Amino acid sequence: MTSSQEARAVVLEAFGEPVSTRGLPVPDPGPGAIVATVELAGVCGTDVHLQAGRLPIPLPVVLGHEGVGRVAAIGAGVTDDSLGAPLTAGDLITWGSSISCGDCVYCRDLQEPTLCERRRIYGINRRADEWPYLGGAWAEAIYLHPGSMVVRLESDTPPEAVIALGCAGPTAVHGLLGVAPVAVGETVVVQGAGPVGLATAMYAQLAGAARVVLVGGPASRLERARALGVGDVHLDLDAQGPAERLDAVRSLTGGRGGDLVVEATGVPAAVAEGLDLCRPGGRYLVLGQYTDHGPTPLNPHLVTRKQLRVLGSWAFSQADYAAYLRTVPQLAARFDLPRLLERFPLSDAQGALDAARAGEVGKAVLVPDAA
Amino acid sequence: MTSSQEARAVVLEAFGEPVSTRGLPVPDPGPGAIVATVELAGVCGTDVHLQAGRLPIPLPVVLGHEGVGRVAAIGAGVTDDSLGAPLTAGDLITWGSSISCGDCVYCRDLQEPTLCERRRIYGINRRADEWPYLGGAWAEAIYLHPGSMVVRLESDTPPEAVIALGCAGPTAVHGLLGVAPVAVGETVVVQGAGPVGLATAMYAQLAGAARVVLVGGPASRLERARALGVGDVHLDLDAQGPAERLDAVRSLTGGRGGDLVVEATGVPAAVAEGLDLCRPGGRYLVLGQYTDHGPTPLNPHLVTRKQLRVLGSWAFSQADYAAYLRTVPQLAARFDLPRLLERFPLSDAQGALDAARAGEVGKAVLVPDAA
Amino acid sequence: MTSSQEARAVVLEAFGEPVSTRGLPVPDPGPGAIVATVELAGVCGTDVHLQAGRLPIPLPVVLGHEGVGRVAAIGAGVTDDSLGAPLTAGDLITWGSSISCGDCVYCRDLQEPTLCERRRIYGINRRADEWPYLGGAWAEAIYLHPGSMVVRLESDTPPEAVIALGCAGPTAVHGLLGVAPVAVGETVVVQGAGPVGLATAMYAQLAGAARVVLVGGPASRLERARALGVGDVHLDLDAQGPAERLDAVRSLTGGRGGDLVVEATGVPAAVAEGLDLCRPGGRYLVLGQYTDHGPTPLNPHLVTRKQLRVLGSWAFSQADYAAYLRTVPQLAARFDLPRLLERFPLSDAQGALDAARAGEVGKAVLVPDAA
Amino acid sequence: MTSSQEARAVVLEAFGEPVSTRGLPVPDPGPGAIVATVELAGVCGTDVHLQAGRLPIPLPVVLGHEGVGRVAAIGAGVTDDSLGAPLTAGDLITWGSSISCGDCVYCRDLQEPTLCERRRIYGINRRADEWPYLGGAWAEAIYLHPGSMVVRLESDTPPEAVIALGCAGPTAVHGLLGVAPVAVGETVVVQGAGPVGLATAMYAQLAGAARVVLVGGPASRLERARALGVGDVHLDLDAQGPAERLDAVRSLTGGRGGDLVVEATGVPAAVAEGLDLCRPGGRYLVLGQYTDHGPTPLNPHLVTRKQLRVLGSWAFSQADYAAYLRTVPQLAARFDLPRLLERFPLSDAQGALDAARAGEVGKAVLVPDAA
């Protein structure tokens, strides 16, 4: 931080405009709260959508819902992290991006905290012009409210590995470990080679899938996946049409289709293809339809005839983030996660956003102290 | 039967043509087989589709996949029914409509016998011009192959109750008890007031739903449901538009929507409405999309955003038929099932088909010995 | 209350001693809290155990973990009940007996709030000699902390019906609706005709069990169950030995045993019999082993050979209590719940405890304003 | 085979007596049947029990329920293997050890074919003095009845890998993939380092367990496991008492215990320890209690208090065997399976049995043509 009172932060002031960096006050942490300095902050496709004004959020906002940092100041009553490890200033930590209310029907009765309608989300719905100002990770410091999930990182969970998948990691955990678990020996087809697709394919491999078919594009993304050891079969969207892709999947599966197909594209048309790619009796995990593009042509007869289970998965909870962190060592042992990183200084946040939009980097991360 | 050698049977000779009645030879039952005389045979919406040529079946065929009858002759080795009760000539029985192969990936490995691709189905894919000729229930007699599920009816399972729901009964069992079970206290919305909709609503009530909302039409169907005690709230398709129906369901559910919504219409457009009627985190059982009408506009964003489970259910297995028969006494204790029946002589099978097509009867049944 | 400052309360001062009634201060509710006057407070078998000193709790304590009352004073920020209904002074309410921390591994990651190790439980682990004193329902007033589940009772949920099953109701909900759901048409055997056994049998009937076999004693308890319409078959522990009971259950189930057997006795020896009463492939819900009596002879070979699922269920969460309240109207429509009540004035709390210990009443309840 | 009419076979004539080798007629295969020559036949702990007379089987019997061989003669109508691959004489095959009836309540209604009471099991309940004589794999040839699961082995599924785990492989599949699936990131404790324990630990690793704790003895068995890469932590029964083992597991799991504990010992006393080793809310898979040793002291309070799921698993079905074969390539890629083998000629079957009894070999296999 440039002073004990101020931290530089990347602020989205107006939709469609470049982000700007400015100084914001650093409050002392209240009871139960923590102020952390940020070491690495992820840039995610959602940030691109936020800047474009595709989601209804309050402005101005400090962006950044993915972060790793160090405890700078601890509020009264905080002695442990969320998993019970003792916490002191200087500890390396990460935090869950959202705080569910714990009290609504979804949180309490239905045990679906991701559906909580009062979720507070760092970097998304915290105003930068109201106390405590520092509500996102694209800053030198962040204010972590009571109720945040804060986890001290152990040596087997390096910051670079935690941030490499960004929120795609826990999103895949929620979908693949929670909503639609993979059984050992299954064939999993993943539609999409972006961060969510990659993370999903990695977890499918970890879960013992016999074969993971990664369908995506452009070729450079598939190439990156291959280099990391993600996916066993790679189908290039630009090189093959839907019929060829269907043939390819069927020829791998005795003519039947994938046991589990995962949609991780955000493109509505992918859903029609996904229903075709499932075997009779299979599951279709719709993990990526975050944006409302309205209706698209889909054939409901397939759901009845093939007796499919089409399963939606929205966001992730603090529990999913805990599960993600618990499994980062396993991911890191199998895949060279840090290789995905491309670092940008905080002052070039707009450059990082542009790179993320273009899909030309594995994972853009901001390094606040890199200036 | 008119003679010991011949039985009158209703045969579909050509698509789009009226059915005709003719005499067919009655074979002696081979080892493991049974010949039964038919007492009641159901007429189902599928029969209407078969006559219209909407499904690819071999012709000629003796129609009738729903039946109750009496054991006339028993093949070598048959001593018990499929549930272990001793079986002798004269016993009142019913039989499952299909025989799965037991041997394919779906039957053996995936435990989804309804997806078996070699299923033999009485009244649907058994030729009338090949031995053993009598492959459907619209006849004085039927030949039940080895491997058929044959169940002796006890006094708490009267034939009229068994046939009143026809194959809609076990279809609802497969969907509602197998694929998407109801929890006590839930709000269930059923789209469709035809046989499958009625049967589903009945089972939802039996399973302890706090409230069953039946959406259907025309008014006479809802009136019939109301008279039987089926459904707690009835929404008339002709009197209310989709927005009003959505409002009605939401006002009953704290603004959230149904815990479980069941599609039992066969109309593709119902699926778009069904996705709206589900609460976040809810289930949507797609039970009625038997006919391939091709793509229809659906919004996949809802699946992700509301984290829905959209569950297909196809047909029913012998196990489902056993479960159906086991629960007929419970259904019959709660609903006046025989009240649904409208009897037709075998000679007026075409009249029964016409009545079923018009939806003007509760359940058309043929009575072979009524002529 | 005798004055605006004091409320009479039943206090357990020492294990093994009679309870006494004394006045305790009534605090003003802090932010998020509520003070309620108590109208009905249940007496439960656990209270008997608490008095006897069988559970490690702090003393002195105001007993009473089951209650219905009226809002007397509302703390800052409380506008709605836990299900979203507006709340004002004078409203009739009930409240969940426990507050889980929301923050530990069990609450957050494993979604098993009943296993929370920091649960605060009214009437059990709240000291009477520390602010806010009124921590149990056996009093004219109770102080409900922020985080309590408070639900306004609607006209279809009368206080007498809510209290008639006491905590046995939500305990059965947790076990039977959460841990081991009943399928329509199943045979359920319930071991135990006390409150938990009765509540479980009621829910099994609501869930569509074809047959509920209630095993218990003494005869008066079975008689009470029969009079209420609870259970279809009643096996008297005093009249029949284990072998006869096993024969009885087998003869009802084709020789196989119950699909689901529920232990609701608290007697270790019942578990050995329960394993026998399950059919191969069946479930055994161990719902009543609350007290640690140490090891008892059990045959683990049965678990493997019959491929049983032996499922424990501990306590109930706020979500279970919400589910219970949602289904009280269904219970009340089917069973004459208020018939179970036996009222005692607060001043005769010891008499109520004695009656509960003797098992001679359906449900003992204290009526604070009955003095 | 020594002649086209006779095959040498290892026959158990009397309990407690050494096995003997004699010639048995080789029938021509009837319709749907296959005669295969045996290349490798596994020796299993069950064979030791059979010889000792601990299981009620008919005598004389050709032992051997695990085998790999080649198609020698094909009955009418056999064109494909059970998974749909074309089958011709000379093909390398394996076969499932049992044939369930497909027709009883367990097979058809409950989808639990392992509980079928009319199961025919090669090497166990097929008499050697009745047609077709060759009912076990410890012979130069075996007669495979219609209804057998026969699978042609592809190049990624070498015979040595298939036989290395013997029936412990599909037994682990049934338990760990079917009854109690592992989630990625879990801690799994396996009690027992014999074949079932090893196979279970391997599958737990394949399924993404974060940590597999193998508890067993003697030290040589743990050493063998370690050498194969099976298990992450090894607790030696001889070196540590139950309290130390409990401490060890707790210290690895934040004091809570294993998410999943698997009993694979056959020793009743292991069950009491297993209940202690489970974390609250955990699962206990009772996979090894095959022999009825009668009651043993167990504390049912733990099941309620810790809200455990205690899950039995019995044998394996043809579907499990198919799943096993599908995953052998994954096992073989991770573990050096053939290293487990110790070969014996058919003439030294008694020696192989003795070695298996002593637990001094990884996997004893008979090689019929090694003589």
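To keep things simple, chains are lettered A, B, C and D as they appear, and every chain counts its residues starting from 1.
To be clear about the criterion, a contact is a pair of C-beta atoms (placed from the backbone, for glycine too) under 8 Å apart; a residue touches a chain by one contact, two chains touch by 3 or more.
Just so we're clear, the structure is a prediction, and the values are computed from it rather than from any experiment.
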Inset, instruction - Consider the two chain pairs B-D and A-B; indicate the one with the greater count of contacting C-beta pairs. - result: A-B
Inset, instruction - Name the chain whose C-alpha centroid is farthest from the C-alpha centroid of subunit B. - result: A
Legend entry - Rounded Å distance, subunit B centre to subunit D centre (Cα mean): 42
Legend entry - Distance between the centres, which are taken as Cα means, of subunit B and subunit A, whole angstrom: 45
Legend entry - Contacts with two or more other chains, residues of subunit D listed in rising order: 83-84, 105, 110, 254, 323
Legend entry - Touching residues (chain side subunit A, partner subunit D) in the complex: 83-84, 177, 181, 183-185, 203, 206-208, 210, 254, 323, 326-327, 329-330
Inset, instruction - Under the touch definition given earlier, write down the residues of subunit D that touch subunit B in their complex. - result: 82-84, 102-103, 105, 108-111, 149, 318-319, 322-323
Inset, instruction - Report the residues of subunit A in contact with subunit B in the complex, numbered from low to high. - result: 105-106, 110, 112, 114-115, 179, 254, 256, 263, 268, 271-272, 280-281, 286-314
